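Both of the next two complexes hold subunit A, though its partner changes from subunit B to subunit C.
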Partner chain A sequence: MDVAGVLPWVLRLLLSPQVFAPVVFPGLATALVVLLTVIWAERKIAARVQMRVGPLYVTRRLGGVLQMLADGTRYMFQEFIIPVTADRVPFLFAPILALTLAIIPFAFIPSAPGFSPIKSPYSLPAALAAISAIPLSVLLMGWASNNKFAIQGAVREAFMGLAYEAVVFISALSMGVLYGTLDLEEAVARQWLPGIVLNPVAAFTFFVGMVMSAGRLPFDIVEGEQEIVAGPFVEYSGIIFGIGMGLAYLKLYSLSLLYTLLFLSGWEPLVAPLYSVYPGIAGIFLFVKAYLLMLFVAFLRSVYGRYRLDQALRAGWRVFLPLSLISLLISVVVKVVGCV
Partner chain B sequence: MSRQLASFKLHLRAVATGLKYLFLPNRITVYYPEEYIELPEGYRGLIRYYPDRCIQCGLCAMICPASAMKMYRTKTDRKGRPGINYQRCIFCGFCVDICPQNALETTKVHDVAYKSLEEMILPPEKFSQEPISPAVAGGARKLKPVFDEERGLRHERV
Partner chain C sequence: MSTLSEQGGVIYSRLIAREGDESTYELFIGPQHPASGHMRFIVRLEGDVIVSVDPDIGYVHRTMEKLAEGREVIKSIPLLERMTIIDSHNVTLGLVRAIEKLLDVEPPPRARYLRTLLSEINRIASHLYGMGIAGIMLNHSTMFMWAFGDREVWLQLAEELTGARLTHTYSIPGGVRRDLPQGFADKAEKAVRYMERRLKDYMAVFFENPQVRARYEGVGVLKKSEASRLGIVGPNLRASGIKYDARLAEDYAAYSELEFEVPTHEEGDAMARMLVRIEEIKQSMNIIRQILRKIPDGSILADKYVRLLPPPLREQVAKTGRVKFPGIFATLKLPEGDAVSRVEMGHGEIFYHVTGNGSTKPYRLRVVTPSFRNVILFRYLAPGHRFMDFPAIYGSLDYFPPEADR
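Take a look at the complex of A and B:
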């Protein structure tokens, strides 16, 4: 292959849905920007509600929007300490595994009609499976750290993972029953009304499960800053700690993309001019909706106090699991009665 | 189940309250190093020592509940003079109250952030100097808290 032929080949590769969607939009590159801005926005929102100013001094004119970039740079140059008593290989391997698992869902999330990275009739369970495998690597982190707090945090992660992933799975399944498909692209196409109207109970339980299993403040029962320091991440320092922190947001980002696809009619209304230019960027509304949803979840931080582990588990098993089963029933009824 | 429904209503109310503050923010803090709130008369801030009035009785060091005040003795001065450790001080003002000669006085300066722990320990020589607020020295604007019927507290330029 000559040199002139390489450039179009690379461009074609980059613009193919298999690469563009998971790597550029709405995948990895966008996720990074989302991570930086959402963490900043969360701090700003919490500050507004709590009558404060929030981060300000990094790029003061823009309201401190580059604060997270500064923090990230600091993490980058911090010393990375491996404790002597830690199990070295899993200790280093677990965060990388967690990050990889957090990125995998982007391989199944379509950004526009006909623009799925992997077109599969089972893309919804596949994405959810990758997301719900993250607690396993967090468990490994806690185990490899060889630390009391880390082990406690890991056990909490296991408890919370079981309780709320079940809720998320069943509510997603009930939407699958309602649409008659487990393909995310098809699911959007079959929403003649937004899914949140068709099955509000499923939308509610999926939302709660999403917030709880993403484990962000104040539902950071796993990390439990006040009780068990940082849970599974207690022995991690430097950039790996940054990864641990970003993990919750990455998980939240992919879950809110799934939420948008299932309940908020995805990329509809489709921007037709953009679609004719390049279908990859036509899913702008999908991104906007998911981003607003993330901002709402970030806002919840300033409203709620912390839940204890037993409170969260009781709510999960006694309230939200039955509710999600009810949502499944509603879906079956709606399907059988024949509204769809 | 009725309990859960009742709590659901409370959740909604909490979210609504949060949203109210999000869209109609009611900021009560000030941009501190550029602005500062004027403290009222009699404010118990950093303590100043007047060595010429002191009779070296040591009552201040004795009364201090946090053991922040200590008498510094030298070979020539066996009775000693008080020095303060702001790592420990709780700004209760007992030392000021107990002093029979009014040799100690609270000031309106309360900028107690230091770059090193050693700076927080003031021996008698340093203790007798006027405390300086870095914010005021840096040319910060002075603000005055004003009671506001709607907002609660408001800060006005003086």
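Take a look at the complex of A and C:
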């Protein structure tokens, strides 16, 4: 290969779905931008409701949008302290594991027809499996910290994890039954109406499960600041604390993408001109829908406080689990009647 | 269990008997913790259920009473108002009343009305503070921001009246320091109307929110008999169904000439305690309206002291409505004897006992603050509840750590 041929080869590699989708869009780079802007938007929304000024210290003209970047920089250069009593290896390994697991779903999420890094007929359960493995690493964080508050937080994570996963999986499964496929790309193709209309119960239970799993209000029980300071992350500082904090948002981002694909007909209606330019950026519709969904979840902060652990668990097991089973039934009925 | 509950003459709560058990899990909350305030709680858990709570006070300030005994009596007013800085007029009104009883001086009617006015403004601000803290303890940041933002309205009114935002030092033996400023009535009326509108928002967003109701209803129930046995005071007592208010029991300021109700609830749970505060805010606004309508004209300082002023200064005081202290105030001699007084603060009843021995300094000065009487509730209300109920109970008690430390 001569020198002139290297550049097009690198470009082709970068723009191939296997690299572009997980690294640029909707993957890592976009996730980072989403992370920064959603936290900013959350503060802005809360500020509007709560008569606050909001972050304006950095770049007042842009509405303080750079504040998050400043915060991120601060986290980056802060010393991270490893307590002597902590178990060093798992203490450092757990956040890295959590971040890795939070990124894996992007390998299965398509952003346009035929544009996903790993094309698999089981992309939906695969993405969900990766997301639902994150609580294990959070448990590890709490356990390795060897702090009473951290262990309380870890135990809460275990409780919550069990409560929401069943709900999310069953609601996703009911959509799988409805579409007759577990492939996300196929699922979008089979939605002649958005899934939220075809099976509103599943949409509702998946949404609640999503809020629970991302630890958003009213279910941000794991890091209950008022009782257990920061829960499993209490001994973490600096950038590894930042990872712990960003984890919930990353989870929310990938779950919102899944929700959009399953219930909001994904990238449909497809913007054809964009698709013809480059298929990778055709997922903009998908992204916008997912982003609006995230904003709605962020808005819940201004309305709700925090439920008690046992109340949330009761809701998860006694209300949302039966509801998700009902949604499965609805899917079967819709399928039998032959609407899809 | 009954043998254990009264070891050494000390009454322990039902569940504390299990202290030291290997199966309990001990958490030290505070003194530096998002929800502990300036104090420490030693919480023992069995799983997620609280077995016992030991409140450990004394992390803010100490020996305030002793400090007050080392200085001229007039100087103890700004000292002791630091105890409850959010309610700083009510907290010193009792002291001023006790000193007045010792000195045998009565404030003129206008001064009494002005004291009542500031007391009620302070009470509203204090309740809003408590509600904001209760909101953030449930992680309901909207309630927190709203209550603290609206508190500002009342702080500005108080500032208008006294010249100081928080530490007013308004009442002095024999009267008050300043007269009503011009245009105050309009501003107060505007504030009252604004607050009435906001209380509706509070109800919609916070008190009628299913999530908040789930956290508050049936949580931390204080029975009527238990409340009277433990000597609980203030809204916490009234939420358990006992209609006791020092404003009715003791004739001070202008309360006997005003009409108001003392709201009570029967449930005694956290929700009832919060609702009593809301209704008290309404009553306070009612009182403010009455005062502005009925306030009599006249002097704001007792004649006994006004006569001590030189004539030009006396005219100036009458004209500007601002008291220049006569020289005698620096060295007021407390006659021999005891005086006690009780006053209703936002948190409950405060009790003062001042002993004079003929010198300028009080021989003894003792305070029993409402939060000091209510701190015992942590021990009795929390056991048996989930750990996550602890901040909910704490918030609903409207407990103010610096007040308990004196």
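Assorted remarks:
Throughout what follows, the second predicted complex is superposed on the first by the 337 of 340 C-alpha atoms of A that agree within 3 Å, B and C clash if a C-alpha of one lies under 4 Å from a C-alpha of the other, contacts with A are read in each partner's own complex, and residues count from 1 in each chain.
Assume a residue touches a chain if its C-beta (ideal position, glycine included) is under 8 Å from a C-beta of that chain, and two chains touch if they have at least 3 such contacts.
Given the structure is predicted, the values throughout are model-derived calculations rather than measurements.
Superposition model on subunit A: subunit B and subunit C are shown in a clashing arrangement.
When the shared chain is aligned, subunit B comes close enough to touch A:319, but subunit C does not. Once the two complexes are laid over each other on the shared chain, residue contacts for A:220 go to subunit C alone; subunit B is not touched. Using the contact criterion defined above for the overlaid structures, shared-chain residue A:148 touches subunit C, although it does not reach subunit B. When the shared chain is aligned, subunit B and subunit C each come close enough to touch A:52. Judged by the touch definition given at the top, the superposed model places A:303 against both subunit B and subunit C.
Touch counts on subunit A: comparing subunit C and subunit B, the chain ahead is C. Looking at the shared chain after the overlay, A:93 reaches neither subunit B nor subunit C. In the three-chain model built by superposing on chain A, subunit C overlaps with subunit B at stretch 38-46, while the rest of 38-46, 74-82 or 128-136 show no clash.
Contacts of subunit A with subunit B, set against its contacts with subunit C after fitting on chain A, overlap at residues 49-52, 302-304. By the touch criterion stated above, subunit A contacts subunit B in their complex at residues 45, 48-53, 56, 299-300, 302-304, 319. Across the complex, subunit A is touched by residues 25-27, 29, 33-35, 48, 135-143, 145-146, 149, 205, 209, 211-212, 214-215, 386-391 of subunit C. Subunit B meets subunit A in the complex at residues 4, 14-15, 17-19, 21-22, 25-29, 31. Interface of subunit A with subunit C (complex): residues 46, 49-52, 148-149, 152, 217-218, 220-221, 224-227, 229, 301-311.
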